[in-house]
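So, here's a batch of structures to check.
Both complexes below contain subunit A, partnered by subunit B and then by subunit C.
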Partner chain A sequence: MQESVLVYRNFLYLKVSAAAAGASLFAYVWHTPLGQPNGGTWLGYTLGVVSLGIVIWLAWYGIRKRRYGVGRARLEDWLSAHVYLGLALVVIATLHAGFQVGWNVHTLAYVLMLLVIASGAFGIYTYVRIPGLITANRAGLTLEQIMALIAELHEDCRKVAVTLGDEINELVQRSAEESHIGGNVWQQLSGRDPLCPTAEALVRVRAIARDLPQAQSENGRKLVLLLARQSELLGQARRDVRFKALIDVWLFVHVPMTLALLAALAAHVVSVFFYW
Partner chain B sequence: MEARISFLTRRRSGTTVSRDHDVVCEVLRFGRSTENEVQLPDPRVPLYHGSLHLRGGGLFFEGANQANTLIDGKLTRTAHVDVGARMELGPYEVIVIAPAPEKDVTVTVELVRPLAEGIDRLKARSCTTLADAGLGKRRAAWAFTIVILALFLAWPVAYHLWSPSMAPEDMTPMRAAEMQEAAWWPLMPTLAWNSGEISGPHRFIAHSCATCHQQAFTMVEDRACVACHTDIRLHADPAKTSFAEVLQVRCESCHKEHVGPRPIARSDQNFCGGCHGRLAEASGNGALLNATDFSKNHPQFRPSVVVDGATGKRERVALDRNRWPVEHSNLTFPHDRHLKADGLRVPGQDARKVLECRDCHRPEPGGVGMTKITMEQHCSSCHRLQFEPLAPQRVVPHAQPAVVARALVEFYADMALRGGAEFPEAPPSVRRRPGSPLSEPARHEALAWAEEKAASTADFVFSKGVCNGCHEVSRAETGGGSPWQVKKVTIADRWMPKGLFHHRHHETLACTTCHQAPTSQSAKDVLLPGIEVCRACHGGEKAANRVPTTCIVCHMFHQPHLGPMRPEFAKAP
Partner chain C sequence: MSENYKIAVIGSGPSGMSAGGRAAERGVSHVVLERSDHLSDTIYKYQKGKHVMATPEVLPLRSSMTFGAAKRETVLETWNKEAQGHKVNVRFNAQVTGITGAKGRFDILINNKETITAESIVMAIGLQGNLRKLEIEGADWDRVQYQLDDPEEYEDERIVVVGAGDAGIENAIALAKQNRVVIINRQGEFARVKDANKALIEAAIEKGEIECFYSATPARLTPGALVLDVPQGQATVQCDRIIARLGAIPPRAFVERAGIVFPSKSQEALPELSPQYESNVPGLYVIGALGGYPLIKQAMNQGYEVIEFILGNNIKPADEPLLERKFGALLQRYTVDQVIDLFREKVPLLSGLTALQLREFLIDGTVHLKAPGEIVFERNDYTTSLYMIVEGNVNVHVDPNDFSVVRSLKAGQFFGELGMIAGRRRTASITAADQCLLIESPARTMIKLINSVESVRRAVNDEGMARQIRAYLSHEIKEADLAGLIKGADRRSFKAETVFFNEGDESDGVYLITQGSITVSRNVAGKNIVLAYVPAGHYVGEMGVVGNAPRDATIRAAIDSKAIFIPKPAFLDLIEKLPSLRRRMEEEWLRRLAHKAKMTARPEAGSIIQFLIEQGAGEATDMLLIDESLCIRCNNCEIACAETHGGTSRLDREAGPTVANVHVPTSCRHCEDPHCMTECPPDAIHRSPNGEVFIDSTCIGCGNCERNCPYGVIHMAEKEPAKPGLLSWMLFGMGSGPGQDKARKKDKKDGSEGPKLAVKCDMCKDQKSGPACVASCPTGAAFRVSPEAFFSGHLTR
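Entry: the complex of A and B
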């Protein structure tokens, strides 16, 4: 479905958007304004009105997608057009600005718009790329199931560790009590826990197990295997969390920045005509 | 063996409920699979975990390879178990109790670690969604929206409404400096609205937006400009032009602010070409010609040539190769004789001087035109107006004939009355010994001689090579005053008053590049270059291989000889 949004209706909205961007570019090149190209020429105003309309329409998608079965156009039409018109906006709004930037509310709106579009582009990338990675990583399990397996492995390790020395017991206990999946935003996005107690326990138990007395060596080996499996499952779970975080994270930029953009655009439009 | 399995379920109240299940079997198998006699339905238990065997009266547990079983706290695979033995099979606790009647084995089975427990603790420690990690969309969106609207909309509007506006003419340097000090964002929030840097000349009011933007939601009005620029003139005569828009055009149409430190006047030739591309058609009588691009569409220069030096009348005549204009300045001045390569004799000295253009022609301080040429300053050092061989140091004034005649009479009367003048033809009273007394008849005689001598000298001065070397002189008895008339001279100080040629900008060129003075034999020559000479270096605005030159490089929009552009905004005196 994700890729079908891009190729939807044989790239209909890609063609529409490319035509809009191409027409703007043609007008910009053809137009010989008096002075530098800027938002204040007739073409500048025209491109500005068009850009504003597109921004408002794109933002409306956030409301439209929550209303199922409303309107004649299907949500796929909306999303496909949302993606391509959003990308076309980079061209149209840049030409509206006439490539002029400065430390002002006008450039603030422009930068926010680029942030929104860039985050959206990242979103498209994740929607195309990540679901396959999630499926491959999960190997038929759900995160819940992976966590259940990890929890059980904790118990198994505990049982095996009972017969071994205090140091090992302590390591296993820490691994069982403190290992976690995900965490703060950065930990979720990195998909790693460099201080993972299980990974630490595995390294140290492996070292200790080499020198265990004969009677304990089998359990030692067994514990190493259990910890290795546990570590592997933790990695799998963390990767799963990472992929989901990647799929989600852009929205945490896209949505607030869209609202910020609308506010900045309001200030931009009012200020331009306030001090006409 | 016959076995009874009591499945224990602990209630929340603490009481235990038992459900017995009797089986007859070879071995009592434990595991997740339904094939086992004791099924342990939990995902953490392997399909087959282990089994109890009854051998020779003893009870043994035998675990599966991969399963971990704790028996009485010890990890083991096989063990002998007695009554009371406690076995941990995954999350289950199995206790061998005293066999029930007619049973070989009785065990209780209890799920002591329900599935939720371990995983719940893991979940409690883990944070697997960004929303749980504290990232929020709604709060961030609100925060950004409110901050941006407050800083960039509400605050600047409030600032505009409540800050005192200031007319530019009231802006003293002191006040400007004060505003400059307070001009930082967000103390002066309207700075964030500034779409571009203010040009240099207006920078002193750059921090007082309301100076120009006087009314909210109204385009900057011309009144704001005219408040300081009080003497801005029209571009076209309202009585003559058919282009009404050029009379009503707003200042801001051509003067674009907020475009950085460059001149704010528009220089686009298209802007001028809009009207000047159809002037000829609009004027109808051929008096006006079209011009849209210096190299492609610009008429030949039409200097204002003096056609009658006496009245100063001028006419615009094109520099046509076949009918080159002729100037009637009434002055005789051959450039070629003054610019001889071997120089000119310097009067009174045994030397020659080679004249250069700059000996007479000097740029004005502004650099556009040339300073005026005067007889006294530029000619008189060679062209001395001597008239009397006996007094070679004396010259007549360079003035009207009557003044010259008067000066001559005074000179000779003075000589005659003093006596001692060595003129052979003069009467004795004039030639008498200086200082000797003079009788009344002799005085009359001397003065009569002086009058006569002055008149004959005037004839010489005006007709024989003093005045008429340069001037056109005629004689007519008018009965009173001097009979001599010198035609009034009118020298064109600027042949093209509507075109600004900046001489200083071109001073690296030789004068002769444009002005063919060394070969000019007459002051009637109009020593101007045709447009083709300029076009050798200058092209239109978009010229690639010439100096790009737009209209306002040479022409002015505001014509000084026309009336004010915005009289309606002029302040009452």
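Entry: the complex of A and C
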């Protein structure tokens, strides 16, 4: 229906970025510097200034995104350009460095930049992949509705369990009190809880229900059904949390590394003046 | 020797009291006769704390008493004080039971025993009349009451409210907060009440807060138990108290006995009055609601004016300065009265109105003087007013592709009714052909006029049909052919979801959709597949008629819709005469065939149409949709909305249903005929020329729009405090950042709650960058479209 950031405006920003990277590559091949290619030649300085400009512009996205109702361009324009110019930077900045690396602040800045771009690339992947998965997983419900359903089922389970003896009651009680969604980063990202008390209750209740007296077997079946439904919903909710975590998690690398990159770049720019 | 006065005023409501105040101020001998033991009984009987409104806002108040929008208590207290201050001679508990005599000496019988005399009488008795009482056995129980002053006075009682009109519903709902309430409805449903009240009472019954007996009438009463006649027999309801709200007996009989003549038997008929409010009985004046002016401010002005008229001082009405301002340059040639006469004489639509009605009508309207060539409105504008031509001619530019194709309208005719009725964009541009004088009337005022004056309704309807047929079929239809078409055609109304015709039916004619919208569906392999959505302004059913075949699809109203039906022979006759129309029909037919093939191959597109119609697309002009395959759930749309609208988001992204990646968040659809506008007391909801429906700053926070919106997109919110700049938040952590609304309460110094006003989407009509939700969506998932554009473009892309 709508165009994604990647195909936006018929790949306008891909074309612009590819042209910038292509022009840099052409200049690099055409240019014959004195000695080894490096950041200190006129082309090196030019590519350096361009790269610096792009980095600062890319970092400005974090602010632009939070300024509402300003400018005529859509945020989608900004993001589309952000993505493609960021990728082009790999080429331009590498050419600026003339493939020289070393244990210094310059290479630190370069490596930080690559980390930022790599995390961003993962971000693109999640933006393309995850949204459809979220919709499919939710099956028309919101997370809030799923949670409300789970709470309702807890209540129903309790009511049924009262008729079925202590052991089952305890299992149901524990499933209601200790089943949780989310948690720390790893729990969120895994989207599963191998020790989920509800899943455990389901297994145990199934085993017990086989041997229930005739009078209780009806309620036993009812409880198994309720627990199974609850377990499904818990899985759905955990997967939802997982997807949201995936969409956000790379930002915890992307943003701090951007700040580190800006600091390293400041050091890099100041220090190169000492070569003069 | 009986008392003798120059002026006797009957009734001490806003108009009577204002008359008394003016008489006292002018030192004229007078008496104000009040049936009850307090002033202004109607307002006295308002529910405690009710907000009394002072509309129309533009009308200045001219009275010896003051008045402004305020609580019932404040208003009454002010009037009591001022009446005393002016030394108004009021006689309480004085019900007038007869009037005899003539100008110069009227005899007024009070409470059937005492007579006073007056030279002139001002009748200001309002429309409230005498309250209807419960007329059943045992109705004299001391716990039967006919009004409710303060619902909070009662607690933990079982209260039966008899009567399911607005008053009964309002009382029942107010009482249900701390009592067990039963409401008795004589009918099977809540009819003839305000939509907002209907919604409230039905919700309360649904939730079990109020119990309702339908189709029930009280049979007899013993203290503590009311027996009802119900369809199944009889039922007994235990009760501690009965509140009967049965309406009132209109005061017309009393008025007629005084010699005043009504022009017709109709309940709504008003006595004929001179511009000085004098009735057909000389010396007997009628003001206020009884004369057709129910608004407090109008009534008070009339009270002042009538005293001046009686004293022979022919002052200008209070709205004179308003009309002077409206008429502007016209006053170089005419006086205000002459302009009004001119309008009545030149515009047939207005000729049936009295001078007073016309003045009131014009206060809402605008008078335009247009130079030759000047644009009145343009095609695709979103305005809904109606124009009347007083002098000069206008050109209607009927062809969207060729501005030079015009049809001319002359003085006395009107235009703009298509947009007014359909609530859709203008279908043609209008320019002034020469120097012309136009009256523009807002849709709301005009529709009121159409509903109350039969001649206006007929004129707009007949002329309107001719224009609609031309606009929707062909502008080349000749006058003579048109007359024949109109004769055979009729207007048909369809409730939402009802069928115009079914697939396989005989093709008996063509429908021009004038209001609402429809879906076209077909049965494919046993499944009903929606093929298309057609809004007002188009025709359907021509394929079967022209092709002489049965209907090949089912047409169903998406929302309440209206159409003009043209029978088959008349239609065939028309295309016979108009080869250009025939060619266009063929062309459209071929286009629809291609479209049909496409949609049949993609049944999921049809189910999306069906889904969106269920979500209100049928009446939407612009919907916010989210393509969930792109939405990263960052909520930036909501945050952007809040940040550009005083801290409260008008959309809820996550709420709302989804089908096949199309998500409809809770956000305004900018309906063609917005439900929110219908009962806005200060008339604060408008549609801008570009189509945005917005609430202006005159909102009083009554919540009617919130209740009336079927899509739940309006809510009441307090204005949030301003935030610090973005960088000071980002770099120094000052205040709260974008979207952090909960923390913002702390930014407020005293933590107090302000008044809550209605907020809704205004489509960011004042923002250069367009709707902030769409502009701030990083992935392009959020988009705003009209249903037509979506169904014909996006969906099949």
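Everything below uses one rule, namely that the second predicted complex is superposed on the first by the 264 of 276 C-alpha atoms of A that agree within 3 Å, B and C clash if a C-alpha of one lies under 4 Å from a C-alpha of the other, contacts with A are read in each partner's own complex, and residues count from 1 in each chain.
Criterion: a contact is a pair of C-beta atoms (placed from the backbone, for glycine too) under 8 Å apart; a residue touches a chain by one contact, two chains touch by 3 or more.
Bear in mind that the values here come from a model prediction, so they are computed numbers and not experimental data.
Legend: residue contacts after superposition of the two complexes on their common chain; A:F274 is shown touching subunit B, with no touch to subunit C. Applying the stated contact rule after C-alpha superposition, one finds that A:V49 touches neither subunit B nor subunit C. In the overlay built on the shared chain, the residue A:Y8 is in contact with subunit C alone; subunit B does not reach it.
In the superposed model, A:K244 lies in contact with both subunit B and subunit C. Of the two partners subunit B and subunit C, more residues of subunit A are touched by B. Residue contacts after overlaying the shared chain place A:I150 against subunit B, while subunit C stays out of touching range. Of the two partner chains placed around the shared chain by superposition, subunit C is the only one that A:R67 touches, whereas subunit B remains out of contact. With both structures placed on the common chain, the touch criterion links A:A27 to neither subunit B nor subunit C. By the document's definition of touching, neither partner reaches A:A207: not subunit B, not subunit C.
In the superposition on chain A, the residues of subunit A contacting both subunit B and subunit C are 143-144, 244.
Chain contact summary for the complex, subunit B toward subunit A: residues 43-44, 68, 70, 73-75, 88, 90-91, 113, 115, 117-119, 121-123, 125-131, 133-137, 140-146, 148-149, 152-153, 156-157, 160, 190-197, 209, 213, 216-220, 256, 259, 266, 268, 270-271.
Subunit A meets subunit C in the complex at residues 1-5, 8, 63, 65-76, 78-79, 126-127, 130-132, 134-135, 138, 140, 142-144, 244, 247.
Those residues of subunit A that touch subunit B in the shared complex are 32, 34-36, 38-40, 100, 102-106, 108, 143-145, 147-148, 150-152, 154-156, 159-160, 162-163, 177-185, 188, 219, 222, 241, 244-245, 248-249, 251-252, 255-260, 262-264, 266-267, 270-276.
On subunit C, the positions that touch subunit A within their shared complex are 627-634, 636, 639-640, 643-644, 654-655, 657-658, 661-663, 726-727, 730, 737-738, 764, 767-769, 772, 774-781, 783, 794-795, 797.
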